[in-house]
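Which chain is which? They are A, B, C and D, in the order written, and residues in each are numbered from 1.
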Amino acid sequence: MRFKPSYAPGPTDVRENVCLASAKKTNNPDFDQEFIHYYHQVCQKMGQVMGTANEVLLLAGEGILALEAACASLTEPGDRVLVLDNGIYGKGFQDFVKMYGGEPVVLSFDYHKDIPVEAVSDYLEKDHDFKYATFVHCDTPTSIINDVSQLSPLLKEYGILTVVDSVAGMVGEPIDVDQNQIDICCGGTQKAISAPTGLAIVSISEDAKKAMNDRKTPIASYYANLQTFNGYMEKGTLPYTMPAGMIEALDVALDNILQEGLLAVYRRHANIANAVRTSVQEYGLTLFLESGYSNTVTAIIIPEEIGALQLQQYIQETYNLYLATSLAQYEDVLLRIGHMGENAFYEKVLSVLTVIDNGLRDLGFKAKGNLGQLFLDAYKAENEEQ
Amino acid sequence: MRFKPSYAPGPTDVRENVCLASAKKTNNPDFDQEFIHYYHQVCQKMGQVMGTANEVLLLAGEGILALEAACASLTEPGDRVLVLDNGIYGKGFQDFVKMYGGEPVVLSFDYHKDIPVEAVSDYLEKDHDFKYATFVHCDTPTSIINDVSQLSPLLKEYGILTVVDSVAGMVGEPIDVDQNQIDICCGGTQKAISAPTGLAIVSISEDAKKAMNDRKTPIASYYANLQTFNGYMEKGTLPYTMPAGMIEALDVALDNILQEGLLAVYRRHANIANAVRTSVQEYGLTLFLESGYSNTVTAIIIPEEIGALQLQQYIQETYNLYLATSLAQYEDVLLRIGHMGENAFYEKVLSVLTVIDNGLRDLGFKAKGNLGQLFLDAYKAENEEQ
Amino acid sequence: MRFKPSYAPGPTDVRENVCLASAKKTNNPDFDQEFIHYYHQVCQKMGQVMGTANEVLLLAGEGILALEAACASLTEPGDRVLVLDNGIYGKGFQDFVKMYGGEPVVLSFDYHKDIPVEAVSDYLEKDHDFKYATFVHCDTPTSIINDVSQLSPLLKEYGILTVVDSVAGMVGEPIDVDQNQIDICCGGTQKAISAPTGLAIVSISEDAKKAMNDRKTPIASYYANLQTFNGYMEKGTLPYTMPAGMIEALDVALDNILQEGLLAVYRRHANIANAVRTSVQEYGLTLFLESGYSNTVTAIIIPEEIGALQLQQYIQETYNLYLATSLAQYEDVLLRIGHMGENAFYEKVLSVLTVIDNGLRDLGFKAKGNLGQLFLDAYKAENEEQ
Amino acid sequence: MRFKPSYAPGPTDVRENVCLASAKKTNNPDFDQEFIHYYHQVCQKMGQVMGTANEVLLLAGEGILALEAACASLTEPGDRVLVLDNGIYGKGFQDFVKMYGGEPVVLSFDYHKDIPVEAVSDYLEKDHDFKYATFVHCDTPTSIINDVSQLSPLLKEYGILTVVDSVAGMVGEPIDVDQNQIDICCGGTQKAISAPTGLAIVSISEDAKKAMNDRKTPIASYYANLQTFNGYMEKGTLPYTMPAGMIEALDVALDNILQEGLLAVYRRHANIANAVRTSVQEYGLTLFLESGYSNTVTAIIIPEEIGALQLQQYIQETYNLYLATSLAQYEDVLLRIGHMGENAFYEKVLSVLTVIDNGLRDLGFKAKGNLGQLFLDAYKAENEEQ
């Protein structure tokens, strides 16, 4: 296969030292106590990046396994669960709740804005009898970011546990699990962490552990059961053979992040994202959102006469660059530029925007300037301000 | 971590070209149609190695996910399932059956022998009202191999679907899925295939697909639901982001196998295993089994006064070699030598046996000769016979 | 070290499959006959790319070793050697000639143009008593390409052997060793071949071999003596331990080239180079050359008030991009853009030119347009013409 | 090519982290100042391992380039050079001396013993008018080690510079360049350092530098001229493009050595070598040497009726293991086992000796025991003594 650069919102580029780490020989992950300790250390390093002293687990699977495992482990038949919905993935949480016998209550909001905290607060005053609530930190199909620093503490005031999908948020945006009192925070390796796809990440608070321990029914899964890891350090064994190469790769990817510094990484994402949003609008395009702009991905409305799918296809064929449109009702409406992790460097985004500019003009768009140059100008301005 | 060679029954050594393949940059696995086709090709190549034209799926997870997915996808509440039990993993299938609402009927046999086909036949004459049956091809804790070529066809005669756990069997032993009429055959990448841990393998017969389609209740899982892959080629999208590097690594590992030739690979395993069994007995040790000796792993009884755990620990500390004992009641009784996949080469096994010989003698064992030499003599005799 | 993309005229980017090949375990290169054969095959594949059935040798060293080895092996004390000089490297050949006792006769031409064939022809009519002549295919300090298809045959008519330095030419430009009757053609791996630095390449004609065999004095070097390889296939041994990983890497790099197709590779270089030259001039800059424009590198005159060194430094510090100025008298005058091998892809050159554009404007240059866009427009026009 | 394990005296196994380092992308080695500094650091780290504060250079070439460069840079026409000869490589130094116009005086000794220091001392009393002297630290064809700690200081007393070939010695044996007053110490990466083949190593004392500066004639080579590196740090440029990946690989290999600790590495080599020598003799074979046993390689006399070449060939074909015989008059007499660098681990040597044992017995040798076992017993005894 010819290599096709991709700026979809994940998987992102994997830095060379991370790739090479995944090729290393590894010790026996089943019984070797040194490996068990190593696994634990990488979990803790992951926790450091997520801002939590809670237990962190790395599951052998794609990010969605983290969401299913959170819901499977918490939900008992009949449990009421509050599903905050202002995006396609946010709404999707209800399926996991139902699958494990829970009763989802979906609270829906405008998809063009981040979740309005006041509205949630008003709702909770009237109805707050929920075992837990779910919401998405960064809902990629529309590129929205929700304010986890207000939502989780608010829910916690009512004794409601929170399950937050930060798969496409963490590392690109602050998640600060402990400060924000998130009970189960879910992540994946292939987004802003920029490690290979294949590990799902969960942090589990003491309250969440208590809820699992207090269950009256067994968890209806083995692979999605977070309790199978209970006491793995003491027992000296993990619930299944761990993909040791993936753990090594994640370890190096986390080192890359910590070496750059979390604040510097957030700043880099913010500068890139701000410059993308500024330049795209100056260029004559419209953003999908009215508020809650994510720093990891930007969704742009493509004029109807061109269409997002045609633009995507054209750019792929003409410029060998892979971009994503969106899902469901937005499939032919939105073009999304992923600018997270290793893809959030100005020289890469510059190429991408120059190609989009040319693609749009080739297809008849009347542009107000050169998109790459507008981006570079905006990016320099961003950096100068600091 | 210092590298510790391991001859546990998996994970096995990964050949260098497979390691390096896992470090390659990959195209976007979510939407890129070329990747979807590539995934499909690797699935078909996996099918070729398993001897099946059935659909084969590669799931992002450890081998046990294949077992859970098979049971989750087939079992409806109340379904009767026949669990053939002559080993620890064989018996364990009942947990998955129960978890998804089925009623396991456990038919237990002597753990020192492979499943007696006649006894199963006699039983089925009386009771054969089962949706499906489960058994393990190679039950590693006791190193037994069961005769899939007789068991699956027999069950099929009664219209009973078969779910076979061949995680530790396939590639080391013939599995011949189509010839043996296996409905769902489960595998993992880290055993005799000698690819990195991280992909679960299932082949699904048309009868198994029909059983899933005919379900009256939804499958109570997403991650363990085999139907989420339905029509992925037509839809051009897979149910979650695939670990593309793992697929590339598996592809190369399968090429290695096909290049050596499946028959040559089986012959290599058989010669090594025969020589191990012969030499271990000449040396003065006793095999656990009376029949059904696997060619991928050998379980040896360690004299009580030494103990398997002490021997394992001593060898690890003294010779930096990692060996496995067994599980549960056999934990301090059996030492297991994994000789599958890339570990099934005489020069590796020779080192391992020489170390075991020295370890045993250091701990007071009265040996009848030099184990490494006995092995090499037996191995040469094996090869000369052909 | 932080990675700094470099578009100097070499070393170029190394494709991932080439990098990974260099990490492979290798067999004993000293005595293993299979390795000797493998070395020979890669030499022949190199010959295929160079268009020759002559013997090709890969020496363990940087490209300059090829030049020294050619001169060391041909030159005897007192030999007259014609040194064609229209560039810094061309002139430099005289040093090797002198070092090994020869008498260089330097024929110098305008550095802004390729070597004028007629002038050489006129000169030869009067004086042609030379053992061999030297010239450079692509003289990178000024980015000139000389017409090997006319020069070598002309010299050959007079019985003069030719030593051609095509280190920075071959693969980016046709070299066609046999058709052009080049006696010793020199190359290196790190330029348009895009393999790691570390192998020097020479092809040796029968006439050149005869000249070596007819020497009256021994060759005054071992490491730069091409005769040490004589009969290595028959003897089954090479003159020193070969860097086997480098041979493997080169092998894969040559496969990449042959898979793309030599003509396609030349076309890609030509299109990129034409578009660079067109756009740079439209943008308001001046090329150094008046004729003989190389397709592998372009030398641009930087306005005095900015200066090439300041621009280079500024771009490196501001945009983390490494560009080369030139050597000697041109050091502060010329900026050179290397666009050869893996660096000759439009998306890379686009980034580079956009950065140069911004760097120049930051330093006060009055540009006539956006350089990246001018390049992309010119590049598209190039491609449409075909 | 099928991988063939090799226990010739080099190239040795390269540890995985070193292999992977050689696959890394590298910055521009020509002008990037950060790379120049990095090169310098690795040179200094190499010096640390060699025990010297002298300048150390890494040349792009095989180890023999270091020898030629030392002789080329020191020798002026007519210079008298003392060549100490007690082995094939030791004697070979005279060729380099002659090639660059020097007059070698060869002082030959018994090839079965290390150079007798008293005899050299006696000779020097009578004749010591030499610009420099050459000798080999470890002369691999006969596996001899010479006592550099006495020879170099002795020669230095007479004002004679020393050029020592420690290609196959350093890291496996103490070299201590400064303590032993070695003027030019030569090495290669592929022996006990266990990095990929491709870099030649030289350390240069101030006295050696002075000798080069005081030359009246120019050095008759560019590639083998150590003065081309003069002032590279100040000039910010190296004499040719460095193979940056090789430098990175060497860097990691040196880290491996320093992490284990030089004394531990020497101890490991000594223990392995002692155990090899003890067991080989107990087994009934004879060592070639009477004194001066190297810890990096052992030469064993193979009974005439078997012959070293037949044994080598048989083992290669039957057991896929590559061993070296010797050179010239010893080609069919000696089998050599390389046990240096990454090959000096007991589990590897154990396999090798077991195979040799079987090979010999297959060919009719009457052995006194099991060679692998004898080795392991001797090795344990070695370790216990400490």
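Quick notes on this structure:
The criterion applied here is as follows: contacts are C-beta pairs under 8 Å (C-beta built on N, C-alpha and C of every residue); 3 or more make two chains touch, one makes a residue touch a chain.
By chain, UniProt protein names: A, B, C, D = Pyridoxal-phosphate-dependent aminotransferase family protein.
Quick caveat, the model's predicted, so the values are computed rather than measured.
Relative to subunit D, the chain whose mean Cα position lies farthest away is A. Interface comparison, A-D versus C-D: the higher number of contacting C-beta pairs is recorded for C-D. With centres taken as mean Cα positions, subunit C sits 47 Å from subunit A. Centroid to centroid, with C-alpha atoms defining each point, subunit A and subunit D lie 54 Å apart.
Annotation: 35 Å between the Cα-based centres of subunit C and subunit D.
The set of subunit B residues touching two or more other chains comprises 3, 16, 20, 23-25.
If you check the complex, the residues on subunit D that touch subunit B are 3, 5, 16, 319-321, 347, 350-351, 354-355, 358, 370, 372-373, 376. Those residues of subunit C lying in contact with subunit D across their complex are 1, 3-4, 6, 8, 10-11, 13-14, 19-20, 22-32, 34-35, 38, 60-65, 68, 72, 95-96, 99-100, 188, 190, 196-198, 218, 220-224, 240-246, 322, 324. On the subunit A side of its complex with subunit D, the touching residues are 16-17, 20, 23-25.
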